[in-house]
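Each chain carries a letter (A, B, C, D, E, F, G and H) given by its place in the written order, and its residues are counted from 1.
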Amino acid sequence: MSEHTKVLVGIIMGSKSDWEVMKHAHDLLNQFGVANECSVSSAHRTPKQTLEYVSQAETRGLEVIIAAAGAAAHLAGVTAAHTLLPVLGVPMESAALKGLDSLLSTVQMPGGIPVGTLAIGKPGAVNAALLAIAILANQRPELREKLRAYRDEQTRKILQEKLT
Amino acid sequence: MSEHTKVLVGIIMGSKSDWEVMKHAHDLLNQFGVANECSVSSAHRTPKQTLEYVSQAETRGLEVIIAAAGAAAHLAGVTAAHTLLPVLGVPMESAALKGLDSLLSTVQMPGGIPVGTLAIGKPGAVNAALLAIAILANQRPELREKLRAYRDEQTRKILQEKLT
Amino acid sequence: MSEHTKVLVGIIMGSKSDWEVMKHAHDLLNQFGVANECSVSSAHRTPKQTLEYVSQAETRGLEVIIAAAGAAAHLAGVTAAHTLLPVLGVPMESAALKGLDSLLSTVQMPGGIPVGTLAIGKPGAVNAALLAIAILANQRPELREKLRAYRDEQTRKILQEKLT
Amino acid sequence: MSEHTKVLVGIIMGSKSDWEVMKHAHDLLNQFGVANECSVSSAHRTPKQTLEYVSQAETRGLEVIIAAAGAAAHLAGVTAAHTLLPVLGVPMESAALKGLDSLLSTVQMPGGIPVGTLAIGKPGAVNAALLAIAILANQRPELREKLRAYRDEQTRKILQEKLT
Amino acid sequence: MSEHTKVLVGIIMGSKSDWEVMKHAHDLLNQFGVANECSVSSAHRTPKQTLEYVSQAETRGLEVIIAAAGAAAHLAGVTAAHTLLPVLGVPMESAALKGLDSLLSTVQMPGGIPVGTLAIGKPGAVNAALLAIAILANQRPELREKLRAYRDEQTRKILQEKLT
Amino acid sequence: MSEHTKVLVGIIMGSKSDWEVMKHAHDLLNQFGVANECSVSSAHRTPKQTLEYVSQAETRGLEVIIAAAGAAAHLAGVTAAHTLLPVLGVPMESAALKGLDSLLSTVQMPGGIPVGTLAIGKPGAVNAALLAIAILANQRPELREKLRAYRDEQTRKILQEKLT
Amino acid sequence: MSEHTKVLVGIIMGSKSDWEVMKHAHDLLNQFGVANECSVSSAHRTPKQTLEYVSQAETRGLEVIIAAAGAAAHLAGVTAAHTLLPVLGVPMESAALKGLDSLLSTVQMPGGIPVGTLAIGKPGAVNAALLAIAILANQRPELREKLRAYRDEQTRKILQEKLT
Amino acid sequence: MSEHTKVLVGIIMGSKSDWEVMKHAHDLLNQFGVANECSVSSAHRTPKQTLEYVSQAETRGLEVIIAAAGAAAHLAGVTAAHTLLPVLGVPMESAALKGLDSLLSTVQMPGGIPVGTLAIGKPGAVNAALLAIAILANQRPELREKLRAYRDEQTRKILQEKLT
């Protein structure tokens, strides 16, 4: 985990195989010093444990939940149905349909239960962490400054890139 | 409802607006004399009641659950996660993507938790009822004979059709 | 095959190349002790033999047919047209369109002839077996208990998984 | 029907509702003096009658079969599996997916059983008739001349069109 | 606008025609007493004004920006590139492709610049407001309680619905 | 080429890279003893030579043209616009979109100019040859018998296949 | 037509029914004082006249050709194959697939023969005219100033819009 | 760069990883002796530098800008919003959706701000260069002759290709 004691972000994923991608979210949160916890939690195969985890997240002090799943990706939607916290969804690239199914299953939520959805796969994992940080940063000026520095560094790196 | 006392099929749908389509499943089950119960039950907006209903279905003696939902259609998958009964999913035609999202969200379930998915919209509603009847008919010869008669009548009607 | 004498589930597939995927359905049925038979049977290339097989399935005592095919996947629909038994369809991942063609060809059946469709590829093969078992389990309490144990074990395994 | 005695083209369609579209094929064949016969014949709802019709087509002297169906459109493929005659498929525009399902179900046939597929809906109906005529015209010079005249007239009409 | 003095949420949209849909976000924020401001601001047709607005949002005290656009929907991404605030994107239903283009243009952001994307059209507008409220509620207990009440009321309404 | 002197089928393809796939059509026609000629002929990069070839095909005695192309696959349509012969189109699997672009570009012809379209890639190449043979066989009984034998052998092979 | 004598832009379209959309390109060119000519010219139904027109465009002094077509939209590609002038393609919204077929048929050109493709339907027609003007403006300062004024006016109008 | 002093074409791309593809545009422009400059310039990660570059392009004497990006590919649209020069867009093949997202994000621009879009990936890069050359060639007869020679050579090469 990271250096701070209070966990602010929970990352859950539908399968252990999602970890290779979601690790990027975890690493980025750690880099920003945002305590976070990661676990496999399937809407379909461990439904009770998932609901238990999600239902307690608010009282445990979490401020954002990131949920990643593939194919008929119900995890983010089911999570959002059981908490008032902001829920961010990351569609995993799936075997046959390359994540189009995961994307539509995650983003096309009915009015009433929102999931803020990021891109399919690794860019989505990275951006879920960054959006979580942006959300937390509204009330944490030091986090916003870290975000500003991260953006500046990102820009600087691209400007340095040479073609050839 | 129908003439028999023991409810064998539960039909749940994510929104009252699905009823216009799902009524075809209800009517067909009634026509076959299969007792069934219908209710609005949203995976997202009434999640606790949905789980409660689904979790009790087996002990209440239901033998099939039909779940219909649109867009990020999680209802059938969530239902299947909480019961051992056969679950049939009917993807509703959605506003923007015409049910492609509903279909993929319903059918692309991960290995371990099956949803037998029917076609988008009304044909799917009709066929969910017919598949439920075929499942029940394995142990109910009189139901299989009714199904045979239904098929024969269906064939007869088409053969009578005149193009002009 | 498996230890029981009476075959309850027939698995047919459009091409021998589907066997690598459909073997998962066969193995799972065997694991549950459900006698099943598997054969290549193409709606297009062995149409007469397919119809013969399907037409006799009911009187031979089968209770579920699982049909797997790819691309213009007509096998499940053609099967359903010639039997009153519940038919489950598994869309194979196809070369160019990755199973989107197989999925739509299998699931979008017209009202009157149902095919309960599972996910594209291996998850669909696994789930076809599990759905067949759920159907059979309605009248076979010992099968339902095996299913319950399977689900519990599945949940237990995921909960044990460690990230990193 | 048309003025000639020997029927050369059989047009079958999966549902009476396809007639509004397929009538354009019928009318065009009539306009060319090609005797043809039209009937509703469903791969799913009248499977035996469909096979009977298709199996006898060759010996009855037909030279082309046009098969039109929508959604999980199996009619053309099933027809092709039971005859050596050239089979032309017309995907009907379907309710939810607008004919994408019909198209993929018709055109993505496995190697061994060909279906020459035309466009979705009315342009496909018109072109199925024209392709049938082109096929017949290989051995019927007068039909080829009629086709040439038809094309010339078609060109002439477009060239006369005024934009205003 | 609403009763509170400090504007917390900015809603921008690419075209005046999006207002009919985005008004639902505005109304919902008002209903929760969250001061918000709405304007037409096109990434393509008023690019300078858009950048000016977005660049000043943080110092003006906004905490969330909701950006809605259709077709090649660049507004949310361009917004996210010029602010550190959390940006939520709402893909508008487009004329030809029904919002599939809007969705992919909004959600498939590269790693580094996140947009939390909601569903196409009205459900997305409603949910963008609710997600903004959930974000704000992390530090405003009274807003979380209003959200809880909103959810409870939503559930209650559905449970009261009668099918007939 | 093949043993007969009069070329009956012309196979053209948009790029030399299509030959690996289209060779299957060539080989199959040879196997049936149908004289055929194959060439690269691009609607875009050798337009004049393509039109010259196509325009002379009828008077040179060809009876079917098979045209294969990928991506914005215009070859079959352009061919059909310049000949009265039956034209069969084979969509090649394309780099990015896997042949969906090739398929739609080939099959969605406007009313008036038909292209009988086969499946994407190798199955389409095989089936284009078989459909050409079926067309030729209408007036060549020995070809129809060869086709019957081919089908029988195809069926026999599948029936012999053993799973394990 | 417009006030200038030398025609610089040719607009061709595959069907008279495209005129309602393409008129927007014509009107916009007129508004900028760019002489242009419009005609129906089908790649499929008037292929010779199309080639004749396109082949002469360069020597007649045209500088841009705009080609609009729907479904298997070959017109822009065929045009580009027969001229060295810059060719802009406008995919028309098609009946069944809503222009996805038109778009892919127009834009996915093989390396060697470019078509600069605009959006499906009316926005594409407007933008084809604007891009043609931008191309012409490289050597016509007064046209660039008109374009600048057009953009400024466009921005001004949007900024004036009031939401209410 | 190339032998001429005045840069006429600017090539920008959203990521260094696009260079492998876009190098084909650069090489082709060089081959034609058209001075061009290439740089990484992200609409999202270096937005200010991108706007600065694009805004100065006209006064610096550029005549065409080629913009390449993948996924939510906003670069071409953002470029077009900030310049009156003709902008050509090249959608990069993206990881999950294979460039369908890039294509729609680039081509579906709203009326008012045109992007002339080429094919996904390498064919698009090649064609962007060729279209830029065609645009420049309107006022540079020697460039048009080079283009004519290039086309002739391209045709000659294909005609020389031997199958087998």
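Basically, a residue touches a chain if its C-beta (ideal position, glycine included) is under 8 Å from a C-beta of that chain, and two chains touch if they have at least 3 such contacts.
Just so we're clear, the structure is a prediction, and the values are computed from it rather than from any experiment.
K.L.:
Count the smallest number of chain-to-chain hops linking subunit D with subunit E, moving only between touching chains.
P.N.:
2
K.L.:
Does the subunit E and subunit H pair touch with the same residues on each side or with different residues, judged by whether over half of the numbers are shared?
P.N.:
Mostly the same residues form this interface, as more than half of the numbers used are common to both chains.
K.L.:
What's the distance between the Cα centroids of subunit B and subunit C, rounded to whole Å?
P.N.:
Each chain's C-alpha centroid was found; their separation is 19 Å.
K.L.:
If you average the Cα atoms of subunit C and of subunit E to get two centres, how far apart are those centres in Å?
P.N.:
44
K.L.:
At what distance in angstrom does the C-alpha mean of subunit H lie from that of subunit F?
P.N.:
Centre separation, subunit F to subunit H: 35 Å.
K.L.:
Can you check how far apart subunit F and subunit G are, centre to centre, with Cα atoms defining each centre and the answer in Å?
P.N.:
For subunit F versus subunit G, the centre distance works out to 34 Å.
K.L.:
Multi-chain contacts in subunit E: which residues touch at least two other chains?
P.N.:
15, 42, 45, 71-72, 97-98, 100, 107-110, 112-113, 115, 119-120, 122-123, 154
K.L.:
Every pair of chains that touch: which are they?
P.N.:
Contacting pairs: A-B, A-C, A-E, A-H, B-C, B-D, B-E, C-D, C-F, D-F, D-G, E-G, E-H, F-G, F-H, G-H.
K.L.:
Over in the complex, which subunit F residues touch subunit C? Could you list them?
P.N.:
Residues 93, 98-100, 119-123, 154-155, 158-159, 161, 163 of subunit F touch subunit C in their complex.
K.L.:
Touching subunit A in the complex: which residues of subunit E?
P.N.:
Those residues of subunit E that touch subunit A are 24, 63, 84-86, 88, 103, 107-120, 122-123, 126-128, 130-131, 134-139, 144, 147-148, 151, 154.
K.L.:
What does subunit F use to touch subunit H in their complex?
P.N.:
For subunit F paired with subunit H, touching residues are 15-16, 19, 23, 38-40, 42, 45-46, 49, 71-72, 95-98.
K.L.:
Considering the complex alone, what residue numbers of subunit F touch subunit G?
P.N.:
My answer: residues 14-15, 42-45, 47, 51, 70-74, 77-78, 80-82, 94, 97, 100-101, 104-110, 112-113, 115.
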